[in-house]
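Dropping the structures in below, format is structure tokens.
Look for subunit A in each of the two complexes below; its partner is subunit B in the first and subunit C in the second.
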Partner chain A sequence: MDAQVEKNNIKHVKKDRHLTPWLFVAPHLIIFAIFFLIPVIFGIYISFTNWDLMGSPKFIGLANYKELLFDNSSVFYEQLRTGLKNTFLFVVISVPFCIIVPLLMALALNVKPKLGKFFQALFYLPSLFAISAVVIIWNLMFNVAYGPINNIFHLKTVWTGTQPYAWIAIVVVTIWWTIGGNMIIYQAALNGISKDYYEAAEIDGATPTQQFFKITLPSIRSQILYTVVMTTIAQFNIYGQPLMLTNGGPDSSTSVLLMYIQQNAFGSGQSIAGIASAMAIILGICIMIVSAIQFVFLRDNSR
Partner chain B sequence: MRKNKLGSRIIAFTFLLILAIIWVVPLIWGIVTSFKSEAEFSTIGFKFLPINWVLTNYTELLVNNASTPLFHWFANSMIISVSNTVLVLIVVSLSAFAYDRLQFKGKNALFYFLLATMMFPSVVNIIPLYKIIDLLGWVNTKWAMIVPGAAGVFNIFLVRQFMSNIPISFDEAARMDGASDFTIFRKIILPLTKPVLYVVALFTFTGSWNDFLWPSIVFNDIDKMPITPGLQLLQGMYQSQPTLLMAGAFIAIVPTFILYLFAQKYFLQSMSLSAGVKG
Partner chain C sequence: MYTKIPTVVNSGKNIPDLNIVHAERIKQYKDNNMLISYDKYLGDYPEIKASNYVTEAWNIGDLDGKRYSLPLDIHTFQMYYNKDLVKKYAPKALDDNIVTFDEIQAAGEAAKKDKITGLGVTWFKPNFLSLYAQYGGKLTKNGTDVTLDNADGKKTLEKYVAMYKSGITSRDGQDPAQLFQSGKEIFYPEGIWMQNQVKAAKFEWGMINAPQLSSDLSKAVNWSSSHQFVMFKSKDRDAAKTKAIMKFIAWVRTHSQEWAKSGQNPASLAIKDDAAYKKMGQSFLINTPEEQATMKIFDYKYNGFVADSLDKHVGDAIFGKVSIEKTLQTMQKEVQGKIDKDQANKK
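Showing the complex of A and B:
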């Protein structure tokens, strides 16, 4: 009898111990399911519907994708082409700067110059600011009549209203705003390279350039891969800079895809959430393909 | 060789100094301009520093709170960011503990599934997420920004990685003494996980404070919105008053700036932490 009770107790305890782990993960899993998993599945589904955000979605098969990709009389076809072209253009121009500038900063900081800590803190600082505040400040920097840039260099450049200056302005703001994180990553990576390599290379008569390409770059390869992929993903999601700096102009030349997605789904007038979802999925697929390509080309094949 | 080193230090310093000017000028210019009067700014011509330092831009923002209630937005942002941070800390530390320390069926499969979802571009779920917020009646409420942010996976990964370095013998000793899973979590693991939790907290707070696209979708009620979409409204409303806009922008960056002053160490080490586990 006693043994039976004991056994039951153990069973009970054991059952409890099976349940507790789920209590620990449940809060996250519930939030994850409601606010990530269901929306993702639902988002894919509504891209195959003519949904207007309010009523019930009606399944229309591939019609949205057909219209976006092939119907050149459609305004959304134009939007996708313009938005995707501008988004890719921005990624192609900005990502190299967002890798090279912080890498140069990290290399310079790595020789331990005076005020190094101050420089590091300063370059990192803007990445903690909201994009709307950053753009308000830079809008005035680029102001034609009152801005310091035109006044100090005696220019009359209409920065945010003419090309290519509008893109230059957007890229400058992006670099200023975002490079801090990458710089810190490179600094940590450079710190981890053994000094012995460089000493040996110096004895062999390697020039600093040779040392950089033969020792430094290969040693921080995984951090470069990580930052290239993450920076590219971040820049594909560009939205705030063109919205508030150029408002997509001049002549839609800086209108990026996320602006069209936002307008179509949530802008004034009838919501066209179905088409907007299809646009979002096309953008998502582009991001995944580009990440995959970068990964294949940049990963360390020797390992 | 000594000379060589000195030379490279001078080159590095010069290079960094030039960049530092580019980085610091917009900040200083923005701040000092917020202390110029509108009349001085638009009539005197370009001067870097104000001739008369005035607070009118700030007082006008404070008084003019019907169409652009900046201080209201500030309070909203503060409540949202703090609540979101607290929720994330609770949810993340509980989950990370279970995935690292406890045994349950399908644990690894579930964890790898969560990690795999991180590859999924978040742009896809903005529109349907709005619908879910709408169904919950959360449009124009702070909940719309507090809760969805806790769905993320990366922080769990980060904290779990950190926990896995705490020796398992600590748990076993406590378990011998009859401690429950929750006691072990609360009394042993949580205190030892503090450094990484600071990092999670700082990044959650700044991420929440700076979020732009999502709040501009879920808020259209001017009184309810946080400060980042608020600034966009402010820019639209006061295009002709740049000095006032500078005051608004400056107010919006103060909290994260102060946080950075006090917790710079954690911000800087965290970046290498997150790259380290991924790289």
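Showing the complex of A and C:
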């Protein structure tokens, strides 16, 4: 009898053990499913259809992908090419700055200067602003006639309307807006490096540059890997800066893919949700491939 | 809101009893069988009729012999002017109540030496469409396919490019609103709805027709749009609610003063007798039947595609970054490509 009761109890406990982890992850899992998994699956399905958001989606197989990738007479083929080219260009220019500038700031703050906390807060502050507020501020800064930039340097540059200034403006705004997040991560990482290494290196006669490359960088490589991948993903999703600063101009040279996706799906006219979804899936695949390459490359390098 | 409407109407739940939408959207909603006609209910409200509203705003709601919307207002893209600067540089321009492009050019040339801008290069879409229509341009010939890349489109862009090149307009990157507010711009084409911002100016200003090719009022075109009341199909809208809706719309017809105070022109002609309204700047567009006839709503069903394309590309042409020919070709291809996709969806 007792043995039977014990057996039942064990079963009960085992059952609980099965359930407990699920209960812990449930809140995240439910939100993840509702706001990520289901929309992604639905988005993939929509990319195989023709849909104007009003009627019901019409299944057309791979036609959207064929048009986007191979039909050079299609306007959407051109949009994908222009959009992807501009998006990649932005990622290539902005990501190094979004890694190096916060790293330099973290290094500067790491020597615990006077007013360090104040500057830390100041550098972090822009990350808290919405992109629309950020762009309003910078539009004033870049204003041709009244903007402080042109006035201080006695320039007549049309920052948001001519190249390469339009890209410079977009990248500057992006760096200013996103410094904070990576900087905090690097600060935490730098704090974790034992002072012993530096003392030993100094005794061995290592220069500060050697110390940086031989001690500091290797010690924070995981954080660098993480920030490179996350920053790249974030920059692939660029939208607000070119939309509000340049409206994709001049001559579509800053029209990034998300702008085309948004306008096709939710523009002023009828929705072309099928093509827009297919574009979004292609962008998603590009992000995954680039992240995977970065991951493999950086992980191998750091061994 | 426009991205949410189809989803809400398709879901069949929480559909608003009464909605205000832009005139250009109505055809699309009707084609998708989303609207309820007012015909059944108008019998009890004989005052809600064509002769009591601005014709252009009223006609929008009549599709295939049925009435799908009732107008709240008609809002027009016209032109603000700085009274002092007009007196100085274009003293005769306002005599006939129309300022032509030639008069603007002359005023701009005269003002150049004082670093005063003649004309602000403002919102591309209404500026382009208004001039395009004056040249006789049509957005479509068969009701479906777009017609932008043609002689009228070319003339329209050429006019703006020539003015820009001559140096009488605001420059690329300059904010024409800021120039006007600071008293450095004579003419500033903008919507009547911007009045409350213009009010902050520290000089006397007025409102007049958008720039015209001819001083003949019968040939004038002022780009306009209209807010319209529609009822989306909904099983929750019972007879009592519908009755209340009709009562409300009938009440709005004779109580549009508040809407007018926001800068808008009510579509109801009852406002014409209101003393306070007569003093409002925008009332010049409603006061006479001849002026009313200048207001044109571009209700082509692919107007949305055209709008996105104009706003993206026209600036490149005006500011000399892309040739006129290439701009027109790009817009034509972009809009037609989207139309073809939408048409494929309907097959």
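As a working rule, the second predicted complex is superposed on the first by the 264 of 303 C-alpha atoms of A that agree within 3 Å, B and C clash if a C-alpha of one lies under 4 Å from a C-alpha of the other, contacts with A are read in each partner's own complex, and residues count from 1 in each chain.
Just so we're on the same page, a residue touches a chain if its C-beta (ideal position, glycine included) is under 8 Å from a C-beta of that chain, and two chains touch if they have at least 3 such contacts.
These numbers were taken from a predicted model, which means no experiment stands behind them.
Engineer: So in the superposed three-chain picture, is A:F212 touching just subunit B, just subunit C, both, or none of them (first/second/both/neither)?
Structural biologist: neither
Engineer: Which partner does A:Q263 reach: the first (subunit B), the second (subunit C), both, or neither?
Structural biologist: Only subunit C; A:Q263 stays clear of subunit B.
Engineer: Considering only the touch criterion stated at the top, classify A:G161 as touching first (subunit B), second (subunit C), both, or neither.
Structural biologist: After superposition on chain A, A:G161 lies in contact with subunit C alone.
Engineer: Go through the superposed model and pick first if A:N143 touches only subunit B, second if only subunit C, both, or neither.
Structural biologist: Once the two structures are laid over each other on A, A:N143 reaches both partners.
Engineer: May I ask you to decide whether A:F297 touches subunit B, subunit C, both, or neither, giving the answer as first, second, both or neither?
Structural biologist: neither
Engineer: Can A:W176 be said to touch subunit B (first), subunit C (second), both, or neither?
Structural biologist: Only subunit B; A:W176 stays clear of subunit C.
Engineer: Please work out whether A:L53 is in contact with subunit B alone, subunit C alone, both, or neither, and reply first, second, both or neither.
Structural biologist: In the superposition, A:L53 contacts both subunit B and subunit C.
Engineer: Between subunit C and subunit B, which one touches more residues of subunit A when both complexes sit on the common chain A?
Structural biologist: Comparing subunit B with subunit C, the partner touching more subunit A residues is B.
Engineer: First (subunit B), second (subunit C), both or neither: which does A:S277 touch?
Structural biologist: First partner only, subunit B.
Engineer: Taking the two structures together, which residues of subunit A meet both subunit B and subunit C?
Structural biologist: In subunit A, positions 53, 143, 146, 266 sit in both the subunit B and subunit C interfaces.
Engineer: Which positions of subunit B touch subunit A when the two form their complex?
Structural biologist: Residue positions touching the partner: 1, 5, 8-13, 15-16, 19-20, 22-27, 29-30, 33, 41-42, 46, 48, 90-92, 94-95, 97-99, 102-105, 107, 110, 114, 117, 119-132, 147-148, 150-151, 153, 156, 180-182, 185, 206, 209-210, 212-213, 216-217, 227-232, 234-235, 242, 245-246, 248-250, 252-253, 256-257, 259-260, 264, 267-268, 271-272, 275-276, 278-279.
Engineer: Can you name the residues of subunit A that touch subunit B in the complex?
Structural biologist: 17-18, 20-22, 24-25, 27-29, 31-32, 34-40, 42-44, 46, 53, 104-105, 107-109, 111-116, 118-126, 128-141, 143, 146, 148, 151, 176, 181, 184-185, 187-189, 202, 208, 222-223, 225-227, 233, 236-237, 239-240, 243-244, 258, 261-262, 265-266, 273, 276-277, 280-281, 283-284, 287-288, 291
Engineer: If you look only at subunit C, which of its residues touch subunit A in the complex?
Structural biologist: The touching residues are 2-3, 6-7, 10, 28, 32, 34, 171-175, 178, 302-308, 311-312, 315-316, 319, 321-322, 333-334, 336-338, 341-342, 344-345.
Engineer: In the complex formed with subunit C, which residues of subunit A make contact?
Structural biologist: 50-55, 58, 74-76, 143-146, 158-162, 247-252, 255, 263-264, 266-272, 275
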